[in-house]
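The two complexes that follow have chain A in common; it is paired with chain B in the first and with chain C in the second.
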Partner chain A sequence: MKIFEVPGYAAISETGFIFLGNTGETFNLNEIGKEIYELIKKKKPYDEIVSEIMNNYDSDQLTVERDLDDFINQLKSFGLVTEK
Partner chain B sequence: MSDKRRYERPVVLKQQTGFMNKFGSGPLTHPKSEIDGIPVSELAERFGTPLFVISERRIRENQRRATRVFSTRYPAVRFAWSYKTNYLNAVCSVFHQEGSWAEVVSGFEYEKARRLGVKGEHIIFNGPSKTKDDIRRAIKEGAAIHIDHFDELYDVFEISREEDRTARVAIRVNCDTGVYPKWDRFGFNFENDEAKQALRRIMTSDRLNPVGLHTHIGTYMMTTDSYKTATDKLVELAAWLKTEYGHTLEYIDIGGGFPSNNTLNGQYLPAEQIVPSIEEYANAISTALLSLPYAKDELPVLILETGRALIDDAASLITTILALKRLSDGRRALIIDAGVNILITRFWYKHKITPAQPGGVMTENTAIYGPLCMNIDCIAENIVLPVMKKGDRLVIDYVGAYDMTQWMQFITLRPNIVMVMEDGSVELIRESENIEYLLENERIPEKLRSFSL
Partner chain C sequence: MKIAVTGLNATDNPGPGVPVIRSLKEGGLPELQIIGLVYDSLEPGIYMDGLADKHYLIPYPSAGLEPLMEWLGYINSIEKIDMIIPTLDSELYAFVKLAPKLKALGIKTFLPSADQLNIRGKDKLFNFCKAEGINVPKNILAATLQDIYRVTSELSLPAVVKGIFYEAYIANNLEETSSYFRKIANKWGYPIIIQEYIRGTEYNVVALGDGNGGMTGAVPMKKLYITDKGKGWAGVSIQEPALLRISEKVISSIKWKGGMELEFMRSETTGEFYLLEINPRFPAWVYLAVGAGQNLPSAMVRMALGEEVQPFRDYKVGKMFVRCSWDILADITKLEQISTLGVI
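== the complex of A and B ==
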């Protein structure tokens, strides 16, 4: 089961603004992106994140998984998450 | 009803530091969900996508405004619809209903105008490649033949003698208007007196009736001074004809070339901010023309062959997002169902592209590619769009000029074109092509009819 981890130097505000303490870089998340990032921060596994999103949003599993994969790839490329 | 929230793809955007762009426009978060009051979704579902949508109302408004602007500055004005800009029968017919003559540049366009019911005397026949048959027909039907070069002049001379008819002719004049590169490949040059030489030859013939002078100084011309310079030069030629031969002209044709509101590739500011208004062009041309030393009742008709400026903003292209991709640099890319084969003006313009449905507040830098398996098929290299998903639709505006004439069947077939009529009805004015249409003119040699693999 895939679990991701948010590095300790990443701080997120309630509006979805992320500050990386190690590089000074900043990022913005949209509403759903912020929710996912917070779930990752709580160390929720991939499948649980998918279920959570499907419970809260009007979408199907295939779409959610496809978009989540792309989102996590982006987070990884920016150094915002690491895979455990 | 579900209490679930509307789904939007999760997005993370890195904040970029750099200089602020004080000219920057806001992101396109307001959708274009209707065209002339008809929902884009309805048009797409009924006719499929990609779909060209033309507004009858907008064409008429554009033509009426242009006519009013020029007519209030010069007493006799006539527009001639530039067929090559958009020669769909329905489009040409709207312009003809508004009083425009036909301006054609080939035998095929001439035939199209005649089949629509335009009389020869209301056709202006331009272009460098008229055949002898084209010229013969134009002479017989009383069309105005705008002569491009001496070989054509002698063809007209010879055929008019053969037919024992008088040909109505004008010469196309090219001149230095201060814009470079100079457009000197069409017509007779003013500065080296080639134009006068051609007119002298015409005046010595009893079979050629010089009814006008014509110029067309370029395309997407952003300076009104050039029009004044060109008109001044035609006025000088017209005055010379009157002094030298006592001949007065029926018309002076200033051609076209006015820009639309499409922004050129490489142009920093949006076209809306830098393109002169049609009033400024009208001022430049009419001021120069009124200096002609003709009596008031002899003033020639001003003919305008404006194309792009009258039709570009009357058409939109509805397209559907087929897929989303991520480029190697992390940028978002879209694949849409409209390629450069039907949007040829992509090579000239940065088109206005707007989502057809509401989006969130988050925006992404996005590249838009067409469906062709060709690297050149790029519709927008970098455009700011809301978060889009597969199946969403985009509306590409200002596609009325040249896209529906220069388009080509390549990899995909050409799509439906509809016209939203003034009464709100929607008419299919060109049906999408099918494989039968494509194969109709192909012939396969007998020995190639079978094979085994």
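== the complex of A and C ==
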């Protein structure tokens, strides 16, 4: 079961603005990006995130998984999440 | 108490005088009065209402130590100054040399020795860092145009061409290298430092050394916006233990006394920090440290007065600054007074 983690130095605001305290970098997430990031922050496993997004956005599993993988890879490349 | 501060040139290449004064004014120093010491009658700090209580024109250090000391003695005979804080790289050697004479007049300073100033000089930094195990870009000290050709064999292009006090340019080929060499040499003299270019992100630290090897405080910052002169126009305080560790090592090794700015580049290939420069004074963004919870200029004054100052242990991460360009209106009589009488 894949679980991702938000590092302690990453702070996210209600508007989806992320500040990395260790590098000073900032990022903006859109609504769904923020929703996923909050789920990761709550330590929800990958499968649960997929189901929640499928339910909330009326989308099929394949599409959600493909987009989520792409998004998580971007988050990892910027140091915004790590894989447990 | 009366404190005289230099560097009121709050221009697009700002001196640290204005933020140092702002910091002192918020430092709870008793009956504080500020004397601005200016080199030019158009230094913007003169025209900022409520900043300094009085301003005096002083001669450039290049005019020699005697004229400078003579003026400082004259100003002191009127003002009875308790402390002078020089804030510009180019004047520090002069003030370090004058420190004993100033002390004899009852004027305190909190400055490194000439030897300590030399150790961190742009021309000596490489050897210092190598000896201390700190990552540092390779460099060439160029005294003649001939030295430029060593770039191709000893470094690679692009390279950074730097003046001994100020200015730095990125040169992409030998032609640019020699053009910047001439430009900087004409302005700041020799040697010219040609430094390996480390591609990455720039980080800076403002720190205060107590003169006994202790670091009284330090705040690291990432520049969020950099001007075409390479100056940080916006920045944010960050939490990066590695930067504080290196800063503490530098201060402890040199037994640095006074304010300091350490400039780092985090290599995008290795992720490691390279120490690019050590500036021997507070930077123009020192007020960010005050906002983050460390009033370093004020702590420096207290140490100069002989108070025991406990080192700062913490600061607020995510405090940011943004500079602005703001026109100050003044009557021409202000310019008339400072430029003719030398005092306002």
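Points to keep in mind about this one:
In the analysis below, the second predicted complex is superposed on the first by the 84 of 84 C-alpha atoms of A that agree within 3 Å, B and C clash if a C-alpha of one lies under 4 Å from a C-alpha of the other, contacts with A are read in each partner's own complex, and residues count from 1 in each chain.
Heads up, the rule we're going with is that a residue touches a chain if its C-beta (ideal position, glycine included) is under 8 Å from a C-beta of that chain, and two chains touch if they have at least 3 such contacts.
Given the structure is predicted, the values throughout are model-derived calculations rather than measurements.
When both complexes are superposed on chain A, chain B and chain C sit side by side without a clash. Of the two partner chains, chain B is the only one touched by A:G33; chain C is not.
By the touch criterion defined above, A:T23 reaches chain C but does not reach chain B. In the superposition on chain A, A:A10 makes contact with neither chain B nor chain C.
Residue contacts after overlaying the shared chain place A:D70 against chain B, while chain C stays out of touching range. Once the two complexes are laid over each other on the shared chain, residue contacts for A:I49 go to neither chain B nor chain C. By the touch criterion defined above, A:S59 reaches chain B but does not reach chain C.
Counting the residues of chain A touched by each of chain B and chain C gives the higher count for B.
Closest contact between chain B and chain C, by C-alpha atoms in the overlaid model: 6 Å.
Chain A residues in contact with chain B (one complex) as well as with chain C (other complex) are 25-26.
Those residues of chain A that touch chain B in the shared complex are 18, 25-33, 36-37, 55-59, 63-64, 67-68, 70-71, 73-75, 77-78, 80.
Chain C contributes residues 201, 203, 221-222, 224, 235-240, 266, 317-318 to its touches with chain A in the complex. Contact residues on chain B toward chain A in their complex (touch as defined above): 2, 4-15, 326, 330, 360-362, 387, 389.
Residues of chain A touching chain C in their complex: 9, 11, 19, 21-26.
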